[in-house]
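Listed after this line are the structures, all set down as C-alpha cells.
One chain, chain A, appears in both complexes that follow, with chain B as partner in the first and chain C in the second.
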Partner chain A sequence: MKSDPTFLRDLHVGAEFDAQLCMNCGTCTALCPLGIELMPRKLFRRALLGDREGVLGQKDTIYSCLLCRLCEANCPAGVHIAENVRTLRVALNRELFGLAEA
Partner chain B sequence: MTGRRIGVVVCQCGGNISDYVDTEKVRETIEKDADVVSAQVQMFACSDAAQQDAIREIREKKLDGVVVCSCSPKLHTATFRAMAERAGLNPYQYTQVNIREQDSWAHTHDRGGATQKAIHLARAGVARTALSEPLEKIRVETLPAVVVVGGGVAGLRAALELSEMGISVHLVERAEELGGHVARWGNLFPNDKVGRELVHGLISAVRARENIAVYLGAELLEKSGRLGAFQVKLRTRSKETVELTVGSIVVATGFEPYAPQAGEFGYGLPGVVTLPEFKELLATGARPLAYQGRPVRSIAYVYCVGSRESPDRSGRTYCSRYCCSATSHIATVVNGLDPSVRQYHLFRDIRTYGRYEALYEKALRGGSVYLRYSEEDPPSVTSSDGQLVVKVKDRLLAGEEVELRPDLVVLVTGMTPRENSELTQALKLPVGKDGFFREVHVKLRPVETVMDGIFIVGAAQGPKNVAESVASALAGVSKAGALLMKGYVNLDPLVAAVDPNLCLWCEECLKACPYGAVRPVEAGDKQIAEVSSLLCKGEGACVPACPKQAISVRGYTNEQVTAMIDALAQEAA
Partner chain C sequence: MPIPIDSTLGMLADNLRKRRSALPMGRRTRLAWTKGLGIPRGGETVLYTGQMWQMVPAINAMSRQLAKYENSRFSGVFRLARSVNRFVNLTPFLARTRAKERAVANARLRNVARLLRAAGVTFGYLYEDDLYAGTLAHDEGLDQGFARHARFVYSVLKAHGVQRVITVDPHTTNMLRTVYPKLIPGYALEVRSYLEVLAESTLPTPRPVDKSVTLHDSCVYARSEGVLEQPRKLLTGGGVRLSEPELSGKLTFCCGGPLETLFPGRSGEIARARVEQLRRASPNIVTACPLCFANLSRAAPDQVDVRDISDYLTEAYVPAEA
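Let's look at the complex of A and B:
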C-alpha cells in the first residue's frame, strides 16, 4: 500500500479525528451489531496511513454503520468511533459524491 | 580443639530457612562440636530481640567468636559485626554462614540434604572463627577536595552540590566549554525546559562559586594514591601540568550519540538525519519546518537505531532509554511548529516509562501514527528520483507492506560509550560489556566503582536522561560527601599481608594484583613484597599466585581456609 501523507488533509479531516488513539483491542469489532464486516480499527488504520484506495474502497462499510455508539461507549481508549465514522462520511460525501457541507 | 569459646546462632528466617532445613537438628549437632559453648535457634536473628539475646550470650558465656547461620553475608554482615561490637567482641571474630540463598532456597526439594549441608557450612564457619584474630579497622584521613571529570549536566550539578557542602572542587572539562550535550538541545522533555538555558544557569552558578576551579580544554592524565588522598595530574589547555591532591574523584564523562554506518537505514541519503541532528535543526526554531531549503511536510522516525541489537551484531544490546521519550516529545514540538506535518513513528517497543507515557499520549493526540516493526524485519529506507521511500510491514494490517514517502527520515539513534581509553587507563576504571563504566551493583551500589573513592555518575555509567543523570550525580555527591566530610573513614582490615620470612620477592603477587597494591620494600638484606592496605581490596588474587605461601588475606588466612575445607569434608553426624 502506498501511503499518501496528504490524504487526511485533502479530506479536510482535522483534529476531531482521533483514531490514532486506538490501541487495536478489538472491542468495537466484537460489539458491533453489524458483525465483522465493519471494523473501525482497520478502517481507521488505513485512513491514518493515508491509504486512499483502502478507505474509499470501503464506502459501503462506512455508510452501513448505524452510529449506535455501542462500540464507542465501550472503547477503552476513548476513541470517538462513531464521530470518526461520521467525519469520514462527510469527507466521502464531498470526495466521491461532490456534496457540499451543510 | 582450640580452646576457643564460640557461640552459634541458627536462624529460621521466619520459615525461609526452617521450612527446608531442620534448624533444631543443626543446633543440636553443632552444640556438641569442639569449641562451641553456646548454640541457639532464632526465628529472626537480625531482629532486635534476637540480637539482644546474642549480646547477652556473648557477655555471659565470655564468647570470643560468633557464627550466625542465616542469609547472604551481603545482607547482614554489617548488622552482626555491629552486634558483636556492641557486646564487646571484636567484629572480625564474627562469621556469617549463608544457609538461605546457598542452602534452603537452593534445595527446597530435599530437607535431609539441606540440613546436612547447613551442618557442614556451620562447621566451616566455626572452624574459620576458631582461628580468627581480633583486627583493627584501618583509619584513613580524607581531604575535603574532589576532582569532577566532565562538565555536562551531571558534572555541573555534582560540582555545585559538593561545593555547597564546603568541599573544594576541580572541574575538568575536555571540551572548550562546559555543558555537554544538553547545551545543544533546544526544548527538553518532560517539561520543555530549554537545554541551553538549563545548562547556562548551572554554569553561571558554578562560575559564582569560589571553591570551584574550572579547567577547560583539560584532561586527567594520571592518578596515584588512594581514597582520601589521590594525587592527580591534569594537562591544561596551555599544555601545562597541574598536580592536585584530592579525597575523591567523580567521573561524569557522559556518552556519545550512536553514529550510524553509511547506508544503515539509508543514512547518507539526503534527507536522512539522526535524532541529534534533527534536534539541533528544531532548536533553531525556524518555521515553516524545512531541511536544506526544502519544506518538510511529513517525517518518518525509525526507532532503536544502534540500540537493542542482537549480541552477534554488536555490544549495543541495551535500550538507550531516553530516545522513545525524546522522540515522542520532539513530535509534540513539531506539532507546535506546524500541526499539519504528518509524523510516522516506526518503533519496536514504546518505552516511555513512568510519567513519560504522557508524552506518547500527547504525540498520539497530535496526530502521530505509530507503526511497530520487528527486529527480524526492519524497515528499508531508499531514495527514488530524490524522493525518500520507506517500506515497513505494518503489524496492525496483518503484515501488509506500507510505503511511505516522507520528506525527512529521522534515525532515532541511541547512546554509546564515549571514547575515553586514556581516562579509563589512568583511573583503572572497570568497563562493562556494553562499554560504559561499570558500577559495583546496578541496584545496590549504582555510582560506586571497585576503586574506593572513585564514583561514576550521569550517562558515563549507562544511558540516562537529564533527570536520571542529575539523580545519579546527586547520589555520587552524597557518597563522596559521606567519605570526605568526617575527615576520615574506617576501612575493613581484611586485606593481604606478607610473611617477611617466607617472601622471596619473585613478583608473582605483583603481577596478579589488579589494583596495583603490591610493591617491593627493603627488609634487612633482601627485598620483599609489601601490600598497601589502602589499595588492597582483599580479593586474594595474589594468594594462589605465591609459590611460597607467603601472602594471605587477613580473616581468610591459609590456615583458616584449610580448616574450613576440612570441616566441610568432615562426615556429618
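Let's look at the complex of A and C:
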C-alpha cells in the first residue's frame, strides 16, 4: 500500500466526514443488506491512511452502498457512515470520471 | 458487463443541468394526475410531488431495458447514449412507459390530494414548477450539480411566495427539509409529509378497512425524517390490522431501490429478500414511498399484494363522492 498524505485533503472532507470515529467493531458489515466485507470500516481505514489507489480501486463497492443507514442506526460510535460514503463518491466522480463540475 | 458508472452518472448530471430532472418527462405526463381536481395555482401552502410518482412508470421501463444490458457487452451503447442525450432528451425513447403503470402512479397522487381535502387542509399546486428535488444527484455524489439545482428549486418556490410545502414521498421530504437547509443560507420553508399533516388533522370518521397488512418503512422516512408513528396511526385508525415484519421502524431493511440505476441485479436480490421478510408477516404489503413501491412490487410474486398506503387511507377516510 502506498500512503499519500494529500489524499484526505483532496477528498475535500467536510465536517460530516468522521471516519476517524470508527472503532472497527464490524457491526455495520454484519447488518449491511449487501453484506460487503469491505464496507465500510476497511474503506474508511484506507481513506484515513491515505491509500488513494486502495480507495479508488473500490469503485463498485463505493457506488453499491444503498445509503440506507441501517448500519448507522446501530453503529456504537455514531459514525455518519452514509455521508462518508457519499463523500468518497464525490472524490471518485472527480478523480475517475471527470465529473467534478457535474 | 456491468452498467458503466461514468456514462450513467454523466447522463444524470446532463439531464439535471439541461432539463432539471433525473428522468425528464413532458408536461402532460407530469401533470396528468391533476385533471379534474381543480387545485388552485400557487399559494402559501402547496402540495409538492417532486415528480417522484410520475417517474415510477419510467423507472420501471428503464429497469426492463437495463435488465437486457446489465449482462451484455454493449458498454458502447451507454457512451453513445450519453452523447446523444446531451442534445435530445432520450428518456421517452429509453423508457417506454405502460399506460397501466401511469394510471396507478397518477391515482396515488390523486389519493393524496383527496385525503388532504377530506382532512380540511387548504393547498395549492405549482403545476409546471413542481420540480424534481435532485435526490439521485445528491446520493451519487454529484455535489456541484446538485447544489446548483437545489438553489434553483428553492428560488422557484420563493418566487411563488411559498411558505409551506406538503410532500408526498420520503426523498423529496428529506431533500427539502434536511439537505437543502445545509446548502442554502437563510433557508425558510416549512416542509411536512402529507402523512404527518394527516396524522395531525381531524379526519372524517372512517369506513373501517377490514384487512390485515404489514408495513414496509422507507429507510428515509424511518431513519432520517422520523416518520414512523404517523403511517401506523393512520392505518390502524382506518381499521387496518397491522403486523410488523422482522425488521421495522428504525431498523427497517432497504427495498433495494437506490441500486436500481447502477446495479439492477443486486437491487432485485435485495428487493426479493425484503419481500420474503415482509410476506412472513402478511402477504399484503404496504409501502409509503414510490420507489419502495416500484422496487418491491416488481420483486413480489403473484400471491403477494403490494400497495401504497394512500390506497388504504383513501378507502378509509375519503367520502365516496369526494
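Please note the rule applied: the second predicted complex is superposed on the first by the 97 of 102 C-alpha atoms of A that agree within 3 Å, B and C clash if a C-alpha of one lies under 4 Å from a C-alpha of the other, contacts with A are read in each partner's own complex, and residues count from 1 in each chain.
FYI, a contact is a pair of C-beta atoms (placed from the backbone, for glycine too) under 8 Å apart; a residue touches a chain by one contact, two chains touch by 3 or more.
Keep in mind that this is a model prediction, so the values were computed, not measured.
Superposition note: with chain A as the common reference, chain B and chain C can be accommodated side by side.
In the overlay built on the shared chain, the residue A:Leu99 is in contact with chain C alone; chain B does not reach it.
In the superposition on chain A, contact of A:Val90 is made with chain C only, not with chain B. Between chain B and chain C, C contacts the larger number of chain A residues.
Of the two partner chains, chain B is the only one that A:Gly50 touches; chain C does not reach it. When the shared chain is aligned, chain C comes close enough to touch A:Leu67, but chain B does not. Of the two partner chains, chain B is the only one that A:Arg9 touches; chain C does not reach it. Between the C-alpha centres of chain B and chain C, as viewed from that of chain A, the superposed structures give an angle of 130°, to the nearest 10.
Once the two complexes are overlaid on the shared chain, A:Pro33 sits against chain C while remaining clear of chain B. Minimum C-alpha separation, chain B to chain C, in the superposed model: 20 Å.
In the superposition on chain A, no chain A position is in contact with chain B in one complex as well as with chain C in the other. The part of chain A that touches chain B in the complex is made up of residues 1-3, 5-6, 8-9, 15, 18, 20-21, 24, 41-42, 45-46, 48-51.
Note for the complex: chain C touches chain A at residues 2, 5-6, 9-10, 13-14, 17, 138-145, 219, 223-224, 250-254, 256, 258-259, 262-263, 266, 270, 273.
Chain contact summary for the complex, chain A toward chain C: residues 33-34, 59-60, 63-64, 66-70, 72-74, 86-93, 96-102.
On chain B, the positions that touch chain A within their shared complex are 297-298, 339-340, 342, 344, 364-365, 367-371, 394, 396-397, 400-406.
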